[in-house]
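Data first, discussion second: the structure below is written as C-alpha cells.
Letters A, B, C and D mark the chains in the order given here, with residues in each chain numbered from 1 onward.
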Amino acid sequence: MKWKKLELLVFATLFLIGAGALYPVPALSAEKILRIAQQADCNGFDPQKITDVYTGTLLRQVYNGLVQPDENMVFQPDLAESWENPDDLTWVFKLRQGVLFHNGEEFTAEDVKYTFDRIFDPKTASPGVTHVREIDKVEVVDKYTVKITTKTPYAPLLSSLGRYEFGMLNKKAVDAAGDDYNKNPVGTGPFIMESWRPGDSVVLKKFDKYFKGEPKVDKLVFRGIPEDATRVIELESGGVDICMDFPPQDFERVKSDGKFVMYEKPGISTNYYGFNVSIKPFSDKRVRKALNHAVDIDALTDSLYFGMAVKTRGPLSEQVWGFDTTLPADPYPYDVEKAKALLAEAGYPNGFKTKLYASTQSLTRSIAEFFQGFYAEVGIECEVVTLEWGAYLAETRKGVDGMFTMGWSGTGDADGALTYLYDSQNIGSSNRVFWNDPEFDKMMYDGRTTLNPEKRQAIYKKAQAYFNEELPIVLMFSRKLLCVTTPKVKGFAIYPNQVYQLFNVSLED
Amino acid sequence: MPGTATTLKRDKRQSKIGEIWRRLKINKGAVAGLAVILFLSAMAIFAPYLAPYEPNKMNSGPRLASPSMKHPLGTDSFGRDQLSRVIYGARISLYVGFIAVGIGAVIGGFIGAVVGYYGGRVDNILMRIMDVLLAVPQIILAIAIVGALGANLVNLMIAVGVSQIPRYARIVRASALSVRGQEFVEAARAIGASDLRIILENILPNCMAPIIVQSTLGVASAILSAAALSFLGLGIQPPTPEWGSMLSLGRQYMRNAPHLTFYPGLVIAIVVLALNIFGDGLRDALDPKLRQ
Amino acid sequence: MAALLSVNDLCVKYKTFEGIVHAVNGISFDIPERGTLGLVGESGAGKTTTALSLMRLIPAPPGIVERGKISFGGRDIHALSEAEMKKIRGNQISMIFQDPMTSLNPVLTVGLQISEAIVAHQNTSEREALKRTQEMLEKVQIPSARHKEYPHEFSGGMRQRVGIAMALACNPRLIIADEPTTALDVTIQAQVIELMRNLRQEFSTAMMLITHDLGVVGEVCDRVAVMYAGEIVEEGSLEQIFEDARHPYTTGLFKCIPDIEEDSSQIQPIMGLMPDPFDLPSGCCFHPRCPSCMEVCRVERPAFLRENGRTVQCHLYAKGGVTQ
Amino acid sequence: MLRYIFRRILFLIPVLLGVSILIFAIIHLAPGDPAEALLGPSATTRDLEELREQLGLNKSLVTQYFTFLTNTLKGDFGRSIRTNNPVLEELLDRFEPSLILAVLSMTLAIAVGIPLGLLAALRQNTWIDTSCNFVALLGFSLPGFWLGLMLMLFFSIMVPILPSSGYGTWQQLIMPTLVLSTNTTAVIARMTRSSMLEVIRQDYIRTAKAKGLSGRLILARHILSNVLIPVVTVAGLHFGHMLGGVVITETVFSIPGVGRLIIDAIRFQDYPVVQGGILFFAFCLSLVNLGVDLIYALLDPRIKAQYRAG
C-alpha cells in the first residue's frame, strides 16, 4: 500500500497554515481613531468605585469634575467656572451653564449634590470617600450654584475634587442603569463610551455637544496591555498611536531610532523606604541618617529604571503642589564613610541585624535586594522577608520590626502625601513608619486649614525642611512617566498624576 | 534457607534491571535523553563550581549584554550573568520537578493502593474526590493553590504535586484492583500478613513499572507546570534563578535582548524533551508488549 | 488431473529483533478441486504461516518468503501483481480465521463486513450485495434481519458462522479455515464443523482445514498433512494417516487422544517441547523428542519417502532403515 | 441513550459541588486579605472595615460558603471585587475568545495530528517515522509560553507580519492557535501512531485483507474508525490540559479570555472571579468529557450498547 496522498495532505495543511500567516493585514477605516496602549485594562466606569489611574484616565475622557488639574498639577476650573471662600469652612462653586450630559440632560447643581450624596452613601461603599471625609455637607444654592461646607478648614479640597473619583454623575442615568451603571456611564466629558471588552479594550466615541467643543478625533481606543515588550511592539508595529507607561528599558533605543515622539516627566508619586521609627534602632535620628547615606539611589534607579527616575529631595515629588524648590539637590548623598560614622556615633559601630520586608511584586523585592547589598557595606545585616501583597500591606500597616518599601501617589497636593504618610493620626493605617511628632502634626494641621495658598506654601516649606532633618524614611526616588507617540499625534502631554486628558489630542496626517 | 531466598530474589531483581537496561540501551534516543538528564543533574549539583559568576550578583557585567566570550549567554537587566543563572536554575527546576512528583506519587500511590485494596465505599469516596481534582485542569488547580497560598518555592511544589495526585492514584488503584484477587495475595493473607504489608510488599511492587514511567513523564510535566507558573508570576519569585521567572523577566526586554527570552526557554524545552524521550524509552523497556 | 493448489518447497522466515525464525521450511502439498486437506500440528508448527502465505498475507516486514512456488489454478501466486492478488483474495481463495472474537471488525455491522467482500469482487450494486449477504446469513443459520447488528451482539459460535458466510460469500474455489473451532465451546464446535461440511459440499469448494484437532480432521477431510516445526513430516489420505500412521510424531499425536473405550492412563503425551524456532535442531527436527531416535536422525535431515500416494519424512522408512 | 446523558448530567452535580468546595477552601484558607489588596496602601482602617463588611468577609467561612453556593445555584456567581460587574457576566463576556481559541486549536491539532500520526505509523521504522516521532515529542515538550514568545519575536519583531497581541482580527488568532495546538497536536499524533500500529496488527484487518479489499477502503473503513476511538479519548482527556494552555496563551498574547481573567483576578485577589472562573472551567471540562463520551458511542457500537444498557 502506498500513501503518497497522505504525505501530500500533511504538507498541504502545513503549507496552508503558513500561507495564512502571510496574508496582509487590512487597511484601517477613514475615521480618525486614536489608539492608546495602557499598562492595565479598564475596571469599569463608575468613578466612585475606581481605585486605579489607568481606569482614571478613561474616566477623565467620559466625566468632568468641578475642577481639574492641568499638566502642571495646577487646578483649573472645569464644570465649576469659579469658586470663593466666604469663610474658612465654606466653598461656593459657580457652575458652568449649558453643559449637557451624554444622555441630553443638562448639568445642574442638583447633579453635584447627587454625586456627593451617592459617594457618602454607605451602600455605595466608595473607596474614594476617603478623600472627602472633611466635607460636612453639600447644598444647592440655586440651579448653578453649589455650597460645600467642610468640618474643619480644609485647604486641599480642590485637589480632592479634581480627582477622577469625583466625576459628576447624572441621577437619572445612574438610576436607569441600576447595578449595571459600571458598564453604562453617562458623563459630561468629551467622549462617550461605545464599547468595553473587559480585559482587552475600550472604545470611546466623541461627544459632539461637549461644552468645550468637538473633540479632534472620532474615536479613542484604549487597550490594556500589561506586558512591557508587547506594548512596545504594538507601538512599533503600528498597532497603537500612543504608548503610555512606556517601559524605561526601551526608551533610549526608540529615542535614538527617531521615528517616534518621546515624552518624559517625573510623576507625583514617590517611592520611599520606610522603617518603624518607634522601635530601636530606627528611633535614633543618627541611624536614620546613616541609613540614608548608605544607599546609592542613583545606582538603584539606573538598574531598575534605566535612569528613568529622579532622586527625591525630600518627602515630596517635585511635581506635587507645595514642593519646596529651594531644597538641596541631594540632601543625603551616598557616602558609606559618613554612614558608618553616624552608626558608630549612635552606638552601632558594628552595625545591626534587621529585616527588609518585600511583597511578592518583584519591584519591592528587587529594591530589597539592592538595600541588602548597600547595607551590608556598612555592617547592617538584612534578611529579606517576602509577603503576599495583601499581607504585606496589612503587616506594614500594623508596623513591622524592620524596613519596607512603599510607593505613594497622593493627590498632587502636599497634604495628600505628607498627612497620609507621616501625620500621627494616620498611625495604624497609612502612616506605616509610626512617626509620631507633634511638631510635624501641627504643621500638617496648619497646612490643611490655611486656605491662603502663599501662606500654605510657606508652611509646607517649613515642614519639608523639618522632615528632611528628622528623616523618618530613607529618601528614594520619583519615577519618570514615559509616553511615546507616533509623529501624527499632536497636543499630547504627560499628566504627572497619570490621569491623562486627551481632549486636546489630535491626529494629523 | 531464608538467606538463599533473598539472594535468589536479589539476583532475580538484578537480572530484571539488567534486562531493562539491555532493552533500554538499544533505544538511542532514550540513552541520549538519559545522558542529558544526568548532565543537567550534574550541572545542578555542581552549580557553584560550574557557574562562572554568582547567579544573583548584579553588575557582573554590562547590563543586557548580548552573548559574548565573557558571558556566553549574555547578561540580564541587572547585569547578572545569564549562564550562571541558567546553571543554578537547573537546581530549582529539577528540585521542584522531583519533589512535586514525589508528593504526587507518594500521596497518589498510597491513596490508589488503599482504595484499590480495600475497594467498596472507601474506593468510591476517594475516587470521587479524585474526579473532583481531575475536573479542574491541572495547571489551573495549581494556579489557584499558588494564588491563594502565595507564590514561593514550597507552595509551588505543593501546588504542582497536588495537581499530579490523581494520575498516580489511578494507576496504582488499577493495578491494586487487578492484584487484589490473585492467589499470592490470598496466600499472603492466609499466612496472616497485615494489610499494610500486603500493600507494600505485593501490590506496590506490581505497579512499580507504570509508576516509574509515569513519574519520569511526571517530572517533565511538573517542570513545565512550575516554569509556567513562575512565568505567570505565580511561582518562584525573582531574584531566585528559575527558568520560568527568568523568561518572565527577560520577556520585558525581548525587544532589546532576545537572548534573555531564548535561552531559559530553550533549556526548559531540552530538559522536558530529554525526560519525555527517556520516559518513552523506559516504558518500552519495561513493557516489551508495547514494543513493535 | 492438475491440482487446484500446488505448493512446492515453500520456505518462509521471520526476521525479528531477537533473530531469524524459520517458520516454514520447505513444505510441499497439493489440493485438488473440491478436495479437503487437513493440516495438523501443534501450535507454532507453521500452519498459520502456511495459510497466510497462500494468500500472500505474510506480514512483511518481518516475514520473508524465501523460496518455493505456490500455484493456484495454474497461476503462480508470487508472479501476480498486488491488484491481481486482490482479485483472488476473498474471491477465489477465502479464509476463515481462528478467533471469531477478534477477526471481525467491532465497529462495523456484520452485514457490511460480508457485503463489502461481495461489492469488492462482484460487479453488483449495494442492494444486490445486501440481498446476497442476507442469503448467506440464512445459509449459516443466522436470521437475515440481524445483518444490521454488530459483532459484539453475537455469540462466539454465531460470529464464526458470520466468518463462514463471509468466506463463502463470493463462492470461492478454495477456503482456508485456520483453526475455525479452536476458540469455540465443544458443543458449538460440532455445529460449526457440521455447517462447514455441508456448505462446502453445497458450494463444491476445496478446503484446507488447519487444526490441531485430529477428530475434526477425521470428520471433514479426505487428505491429511502433519506439520512439525515448519515441515510436513507426513502426508496421506485420511485412512492412511488414521489407520496407519508412520511418522513417530503422527503416532504420538494419536496416542494423545483419549479413547473412551480404553483406560485413560493409556494417554501418552509426547515428551518435550516444540523446538525453539530460532534454533532448530540439526538433522530431523523431531529427533530430540522422538522415541525411536537413531544416530542418523541427529545428523541428517530425512528425505521424503513417497509411496502409495503418501509421503513421510523419517529415517525409519528410508532405504535400509528399520521397518517396524 | 437519553437516559444515559441525563444520568451523566446528574453525575456532574456532585463533582461540581466538590469543585466548588475545593476552590472555596483553597481561596478562603489563604493568608492574603482581599480588602487590603484591593484598597492599596492608602486604605484607612475604617475603609478596610467597610469593605470587609460589604464583601461579607467578616462572616464565618461556612456562612460565606453557603451564601456562595445558594447564590451560585441561582446563577449568581457574585460580583467582581475589581470591576463590580456580575462574575457570570464577566465570564460570558470573556468566553468567546477562549472558546474560539480552544476550538480552532483543537481543530488544527486534529487536522495535523491525525495525518501526522498515520503517516508515521504507515512508514513505521523509516526516517519519516523517526522524524514524525521526534517532532511530536518536541511539540509535547515545548513550553507554550516560550513558543509563543519566540513566534512573537519572529513574526512580530524580526519579520513583522503578524500582530503581537490582542483579539479581534483573525491575524491575531494565528500565533495563539499555533501555540495552543502544538501540544495537543503532538499528543494526538503520538496516540494516532500507536493506535494505528495497534489496529493494523489486529485480526480483523487481516480478515479485511483476506477479503481482497483495496488498501484505501481498509484504511478508511476498517482502520480509521478503530484508530479514532483511542484518539478521541486522548483528545478529550487532553482538553483539560488545553484549558490550562488557554490560560497561558491568553496571557502571552494579551487575549481577553477567561484564562487571563482568572490570572488577573488572582493577582488582584478578586476571589469571586477566581471562584467563578475555575468553576466555569470545571463545568466546561465536564461538558467536553460528556461530549467525548457521546462521540465514543458514535464511533464504537460496543460503548453505545453499554450506554443503552446503563
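Operating definition for what follows: a contact is a pair of C-beta atoms (placed from the backbone, for glycine too) under 8 Å apart; a residue touches a chain by one contact, two chains touch by 3 or more.
Predicted model only: the values in this text are computed from it and were never measured.
K.L.:
Listed by label, which chains are in contact with chain B and with chain D?
P.N.:
A
K.L.:
If you tally the C-beta contacts for C-D and for A-D, which one comes out higher?
P.N.:
Comparing C-D with A-D, the pair joined by more C-beta contacts is A-D.
K.L.:
Please list the single chain whose C-alpha centre lies closest to the global protein C-alpha centre.
P.N.:
Answer by centroid distance: D.
K.L.:
Which chain has its C-alpha centre farthest away from the C-alpha centre of chain C?
P.N.:
The chain lying farthest from chain C is A.
K.L.:
Please work out the Cα centroid separation of chain C and chain D, and write it as a whole number of Å.
P.N.:
It comes to 52 Å between the two C-alpha centres.
K.L.:
Mind checking the centre-to-centre distance between chain A and chain C? Centres are C-alpha means, answer in whole Å.
P.N.:
89
K.L.:
If you average the Cα atoms of chain A and of chain D to get two centres, how far apart are those centres in Å?
P.N.:
Taking the average C-alpha coordinate of chain A and of chain D, the gap between them is 38 Å.
K.L.:
Roughly how far is chain A from chain B, centre to centre by C-alpha average, rounded to an integer in Å?
P.N.:
A distance of 44 Å separates the two centres.
K.L.:
Provide the list of chain A residues touching at least two other chains, using ranges where the numbers run on.
P.N.:
Counting only residues that touch two or more other chains, chain A contributes 227, 233, 236, 388, 391.
K.L.:
Going by the touch rule set out above, which residues of chain D reach two or more other chains?
P.N.:
31-32, 152, 157
K.L.:
Two or more other chains in contact with one residue: find those residues in chain C.
P.N.:
Expected reply: no residues.
K.L.:
Any two chains that touch count here, so list every such pair.
P.N.:
Listed in label order, the chain pairs in contact are A-B, A-D, B-D, C-D.
K.L.:
Show me the residue ranges of chain D that touch chain B in the complex, using the header's touch definition.
P.N.:
Going by the criterion above, the answer is residues 14-16, 18-19, 22-23, 26-27, 29-32, 124-125, 134, 137-138, 140-147, 149-150, 152-153, 157, 194, 197, 240-241, 243-245, 247-248, 251, 262-263, 266-267, 274, 278, 281-282, 285-286.
K.L.:
Within the complex, which stretch of chain A touches chain B?
P.N.:
Within the complex, chain A touches chain B at residues 227-229, 232-233, 236, 247, 249-250, 253, 303, 360, 362, 365-366, 369-370, 373, 386-388, 391.
K.L.:
Please name which positions on chain D make contact with chain A in the complex.
P.N.:
31-47, 50-51, 54, 82-86, 90, 93-94, 97, 108, 111-112, 115-116, 118-119, 122, 128, 152, 155-157, 160-169, 171, 174, 178, 215, 219, 254-257, 260-261, 264, 269
K.L.:
Going by the contact rule set out above, which residues of chain B touch chain D in the complex?
P.N.:
29, 128-129, 131-141, 143-145, 147-150, 220, 224, 227-228, 231-234, 244, 247, 251, 254-255, 258, 261-262, 264-266, 268-269, 272-273, 275-277, 280, 290, 292
K.L.:
Provide the residue numbers of chain B that touch chain A in the complex, in ascending order.
P.N.:
Residues in contact with chain A: 56, 58-59, 63-64, 77-79, 150-152, 233, 237-239, 249, 251-256.
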